[in-house]
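Chain lettering (A, B, C and D) follows the sequence in which the chains are written, and residue indices restart at 1 in each chain.
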Amino acid sequence: MNYALASLAIPFTVALLTLLLQRRSEANPIVPAITVLATAVSLVFAGLALETQAVSGAVSHLNVGGWDSPLAIRLRLTPLKALLLGFVALIHLLTGLYAWRAKPKIARDYWPLSALLHTSLAALILSADIFNLYVTLELLSLSAVALVCLSGPKAYTPALYYLLLSLGASLCYLMGVAVIYGQYGVLDMTVLAGIMEADHSTRFALLLMTAGLMLKGALWPLHLWLPEAHTYAPTPVSALLSGLVVKGPLFILWQLWNNLAPEALAREMGPLFAAGGVVALVSGGWSAFRAPFIKTLVAYSTVAQLGYALMGLGLLLFLQERIYAVALWLFVLAHGLAKVSMFLAAGEMQTLLGSKRVTAMRGATQTIPITMSAFAIAGISLIGMPPTGGFLAKWSLLEPLFTQANHWPWASGVLLGTFVSAAYVFRAIALGFYQAPMSREPRHFDRVSQWLALLPALLVGLMAFAGQDLIAWMAGVTQT
Amino acid sequence: MNWTNALPVVAVFSSLLPGLLIFALREQQQGLRTGLNLLGVTVKLIVVGVMLWGVSQGLDFRVEAPFLPGGALILHGDALSLQFVSLSAVLWMATTIYAIGYLRGTPLQSRFFGYFSICVSATVGVALAGNLITFLLFYELLTLATYPLVVHRGTREALDAGRSYLAYTVAGGTLLLMGIAVLHALSGSPQFVPGGYLASVPARHGPALTVAFALLITGLGVKAALIPLHGWLPKAMVAPTPVSALLHAVAVVKAGAFGIVRVIYDVYGAETLEQLDLTAPLIAVAAFTVIFASLRALQQRHLKRRLAYSTVSQLSYIVLGAALLGPIAAVGGLVHLIHQGIMKITLFFCAGAFEKTLGVHRISEMDGIGRRMPLTMSAFTVGALGMTGIPPTAGFISKWFLAAGGLEVGQPWVVWLFVVSGLLNAAYFLPLVYRGWFSIPTAEWPEDHQPESGWETRRMLLLPTLFTALLTLLMGLLAGSALGPLGWSQLIVAREFPL
Amino acid sequence: MNGTVNGVVNADLWLNVLLAPLAGIVVLLVVGRKSVPWLWLSCVPALLAAIWPPGELNPGYLWPAASWGAPDPLARGWLGFTALLWGCATAGAAGIVDWDKSGMRFWLFWLFSLSGNLLLVIGKDAISFYMGFTIMSIAAYGLVVHHGGPGPRRAGRIYLQLAITGEMILLAAFVMRAQSVGGSLALADWQQLPIDGFTLAALVLGFGLKIGFWPLHVWLPLAHPAAPSPASAVLSGAMIEAGILGLWRALPADDSLLQSWAGPLLALGLFSAFYGVLLGLITSQVKAALAYSSVSQMGYFLVILALAWRHPEQSSAFAILLVLFAAHHGIAKGALFLGTSIHPLHRWTWLVYLLPALAISGLPLTSGGAVKGDLKHWISESDFSHLSGVFKLATAGTTLLLARALWLLRRADAGTTARHRSGLLLGPWTLLCLSVVLVPLLWPGFREVWIEQLSWSTTWQLLWPMAAAIALTGFAIKMEWRVPEPLRRWYTPVLPFSLRLKRWLYNPPLPRTHLELDWRWWRQQERRWNHFWNERGIISSSGWLLGFILLAGVIWSAFW
Amino acid sequence: MSPELLYLVVGATIWAVGLGGLLLVHHMLRRVIAVNLMGSGVFLVLVALAARSSPPDPVLQALVVTGLVVAISATAFAVRLASARAQHSSGTPEVERPGGDES
């Protein structure tokens, strides 16, 4: 628990510290270094937390400040949470490194805000009661919106939309919290898990919270804000938003339905989620396929890929089999890595090719091969071809479906999803193979940032080679 | 890990590593690139040679690594896989040399050879895959690695072809994945076993097995270009000729056909398939493909497209041979796997040499080409006769066994299928031979590059062509020798059909 | 024939029989035109092997069950005359074929064809036979179209269409035959086990396309005039007879089915014999007339086969008759075809030329007299003895046809200014012509038959129809009979059919499977859809959706 | 109808009105207000729930306080953002402009 707390506290401290440092001088070169370093340290601590937690397999609690329930801020650490902490830190580290190298220079406010985002995500993960979750959700949204604004006035409109919808969604969620508290008088999730019943008000509360979380997590059909916000954000921010921020609400949703909701309700809700996931896959994929801009394409692909997660969640609730939880979280991990890579690559392309249009990628395999490789490998993971992480996740979703004949129809959802993902990914990749106009040499050719984009792609690209251990371990991790 | 474990890995990596290294090379480092390629080729040939010897001696080359729950990564060199591995190793050698000659002076060679080597590695992986999961892994890698080769020219036409290629193969790959998942859910993904490992699955899973079979065959049928899943193949002709050659002879289409053979014999097994009565539709589709693709080939006026449709037709020989579920037919199908590869690559090499030397793309431009390029045209003639099944070429041997196999399992119509197919093959190949040798050139060649060496074309283009043409002849003439493809196929079948 | 020789000569001689023409190819490729006068040497090993046959050779490293040898007099004799004919024709061709006009190509095809022909004769297994047969047939295409131009091209097209069809049918027949005898590929086995009607039909059809009896003769009268005369010589003298050999080898010696088929086959043979004569009489080309003579002579072969089928107990005797007939016809017809290239024809050349012509008509003391006499003898002793009279008519017809051919040749010779009288041509040609007398004397097996037929009655029976025919010819020349106009324009319906087939094959009527999508319409729908959402704005749309979900949820939570 | 229930219903209604405002109103500032209305509705509900027992539930009051803090900061941010956006699009920080500015 202490390690996890450290992993949470470090970015928080850094956020404050960098804020102070920024004040003193206009652009302090130390700030990025500190932030990145701190993220790395936070990652190490998350890793340590994961190790202790995975070894002991235990669940630890902490009441912040020694207050007692119900007034206390309760934190709870499980192996999965430790894993997610590490994941958050890792993605932050990667994007932080990229932001450090990025040309043109990113706005200096990026550093404290990203640290704040990191903090709120970590807090969200660790929180053990549903009201705390509301607070962390708000923090998350506020810092995310602020980050979106960093790319200047053109981002204000999408940022504002994002903010307003996000606020509305939070209030939906809060209404749900109120109803639940009114019903049960408890906020702590471990306690709630035992006592919730499938009555009308619980249903209504769950519904309110779900709707809010879906809006925040850009789950279909409440994803409309996402493409613009992700498109107009600065590149590292897009990566963070797609890779992490939308996963926060998803995590809550998962806890809500998997741990709190009575099984009967969960079984009812499962098919809806799963069906929504299939539609998300198809419609998001189609939009990505038709998207005119590189980043819009990648953003819509997030919408589509969240469909897989939603499908995993739905099937988990519907069929009540652990393996779908594994699939769900494997999707989250694989998608996070792949999306970071894709957004960084997309950003690189925008800078290097001087255009944000997808058609600008013509000949990219010749002019910017490394970036293009990053984009391609990440894309292939999104499609779910072996040996990528996407394949691993898809496999763990697909394979158990076939054990019973009446679950087979759901497999067609996966089938559709694969087709559509392949369509939009290869649409972009294909452009890269056009004969490049040889005369045009890319500007600001920075090898390091290209490799930074490639790194997560490689990670996710070879993820399935650890498949057997990973699935077995995840199956254990998602128990709690 | 002892050396028998290491060899399958070396076989895969002997082309994968050079491929990855070549990506890093600059365009001008021609010598280094060629050196890396040839090094890989040599290592692979040696390894394959040793493995061939070992398998004939009864050694077991096997290596396993954890991958998915219930499905490890297994590379296993058994007789069947070596059949395919040897084909790819030998033809990789020929094609690499050819490609060096073909691409001289064109841009993006590092990218080309990089993907080319990966493509071969994937093919070898497909061949050596010891279970379905491993097969899938390399099969998909093959899809991906081939795409850049198909679109190598980077023109709109090439990209269109690439799109069609991807649409078909990715869809096929997904269906294959589905099928594999179905089987995996039933029985895990154990190692391929002669006679099929699904024999032990209880009979109540019959419907699941049927659906899985349909999925697998459809998925594999895309690459094996079974009609109506063949659409990508003729379009992929816009690729540079070495790619078409490799695509048609070895890598892609054979991966599909080989996969079908694997599924039939080592996953389901003849007995299970007979119980479930699954092969009849496959046989029907294959037979239809044999005839219909030939008719389509007749319509083509473009040399490479005609060759492509011929490939579609010939691939179904292999599928048919495997699906007939008789030992003789299996020998025919397996031996055709090799024979078709050698013959078709010869034809493509010739087509590429015509194209590079004289700018000839269309059939109508081939008039009298035999006077200008007699050696290439001779090779073409050998290949064409082989495709038609005229002795003493390799094609005759396959056809003989396939027809006899059909009779053996009580399907006499198969014989007449091959008669009709042979006639159609003759109808679309012999006019080319006629044009080449007997017609008088009516106009100037579209472009004429007389190489300085005084040979009829670049030596790098000519020598591999002659080599494969010679192989085509030798495989027919020396079919009886134990080390030939026929002897090896009989060895495989002896192991598959324990009588 | 005797066992001691078998031990003396190494079985590897069989390999050399085939390697000789292949070596010829190599020498040709390396040395070029200088090697041409010596290419006839390629046939020497075959001739040696025929005279001193070694034991069988089993080259197992070649195709499965490969086995070569000449175990019986049939095979020996066949190999002998084939080698003789090819040798002479090769030497003759060296004197005729112009090197500068695609000579290399001609010789390559020639030698391939030769090796195929030799292979099929010495092959004791089905694959060797089939392989040789096919190589021979396909390579002969190059000989047929050698001259180029529309005529040869047309002839070549029909030749190839039929040859390939024949090959494919034969392949099917061979496969079926092999399977029906339990997978054995040894031709010796095939002669032991019964056959089914389907396979038999396929075999007759497949070989028939090569043999060229009616109605499968269509390519013969087209191909022969088109090909250079040495090529016609081997086509007519060796290749089409290979089909007869195949029929003999692939069929069982004693089979009830064959007995029942003997009658129809005999009828077919007889019809073919007369049909060939009649059609030959109305052609105006020497080589076409000779080709029709071949069609007619092939009828006799069918008759021999029919006799053998009907009387299996005398199979070995018929085998002898078959090979003798084949040798006789091969040599004589080869000499006749080869001779058509000799220009101008001097007196002694005419005399020599008459020899094979008369031999084919059946002049006693020549090979023709011997074999025809023998054939008549067998017919009279067979179930078909009532047909003896017909054969006298046939002899007369043959004589008429050859007289017509000679007359045409004289006319053609008078009309040409070309000169072809090199020693390379005249020497072998003379040898071939004289062989119609020499071979019966030198070949012990032939000699026996020859001596048997040296009776006055046989001579008379053979001579009077010939004499009658010659008299008729003299009368016809005297009266200046001409072929009636409508018959002169006789043409075979096969030509347009073949052309139509070619066109059909070049553009088979297949359905066009092309998916036409109205892209513009779809694009418009997409625009509308995007517009629908953009108009409302993100917040409103999302809000509506949220509200809708909540409403649905309220209903869900309230009423479930 | 007890006062708590009344407050509850009123709170819920305010919340719903806020939500309706969010989706019906096209003006940014009004939307910010709509969101605030939603917040107020929730807080009213929370307070009403707290009032069910006596003494009132301190947890809920703590929640309301926390929520208010969050709401204030979020509103401030939203207003600043809206004005910045308006300034960028029209050159004045004036958010209010007839006809709406959604696009």
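Criterion: a residue touches a chain if its C-beta (ideal position, glycine included) is under 8 Å from a C-beta of that chain, and two chains touch if they have at least 3 such contacts.
Since this is a predicted model, take the numbers as computed values, not measurements.
Of the two chain pairs examined here, C-D and A-B, it is A-B that is joined by more C-beta pairs in contact. Farthest chain from chain A, judged by C-alpha centroids: C. As a whole-number value, the distance joining the C-alpha centres of chain B and chain D reads 68 Å. In whole angstrom, the spacing between the mean C-alpha positions of chain C and chain D is 100.
Centroids built from CA atoms put chain B at 43 Å from chain A. With centres set at the average Cα position, the gap from chain B to chain C is 36 Å. Shared contact sites, meaning residues of chain A that touch two or more other chains, fall at 164, 168, 172.
Multi-chain contact residues of chain C (touching two or more other chains): 539, 542-543, 546, 550. Remark: chain B residues 23, 65-69, 72-73, 107-108, 111, 133, 136-137, 140-141, 143-144, 147-148, 151-155, 158-159, 162-163, 166, 170-171, 173-175, 177-178, 181-182, 184-186, 207-208, 211 touch chain A in the complex. Remark: chain A residues 70-71, 131, 134-135, 138, 142, 145-146, 149, 153, 156-157, 159-160, 163-164, 167-168, 170-172, 174-175, 177-179, 181-182, 185, 187 touch chain D in the complex. Every residue of chain C that touches chain B in the complex is listed here, in rising order: 59-66, 105, 127, 130-131, 134-135, 138, 142, 145, 148, 153, 156, 160, 164-165, 167-169, 171-172, 175-176, 178-179, 183, 505-508, 510. Contact residues on chain A toward chain C in their complex (touch as defined above): 161, 164-165, 168-169, 172, 200-201, 203-204, 207-208, 210-211, 214-215, 221-222, 224-225, 228, 268, 290. Touching chain A in their complex are the following residues of chain D: 12, 15, 18-19, 22, 28, 31-32, 35, 38-39, 41-42, 45-46, 49, 52, 57-60, 62-63, 66-67, 70, 73-74, 77-78, 81-82, 84-85, 88.
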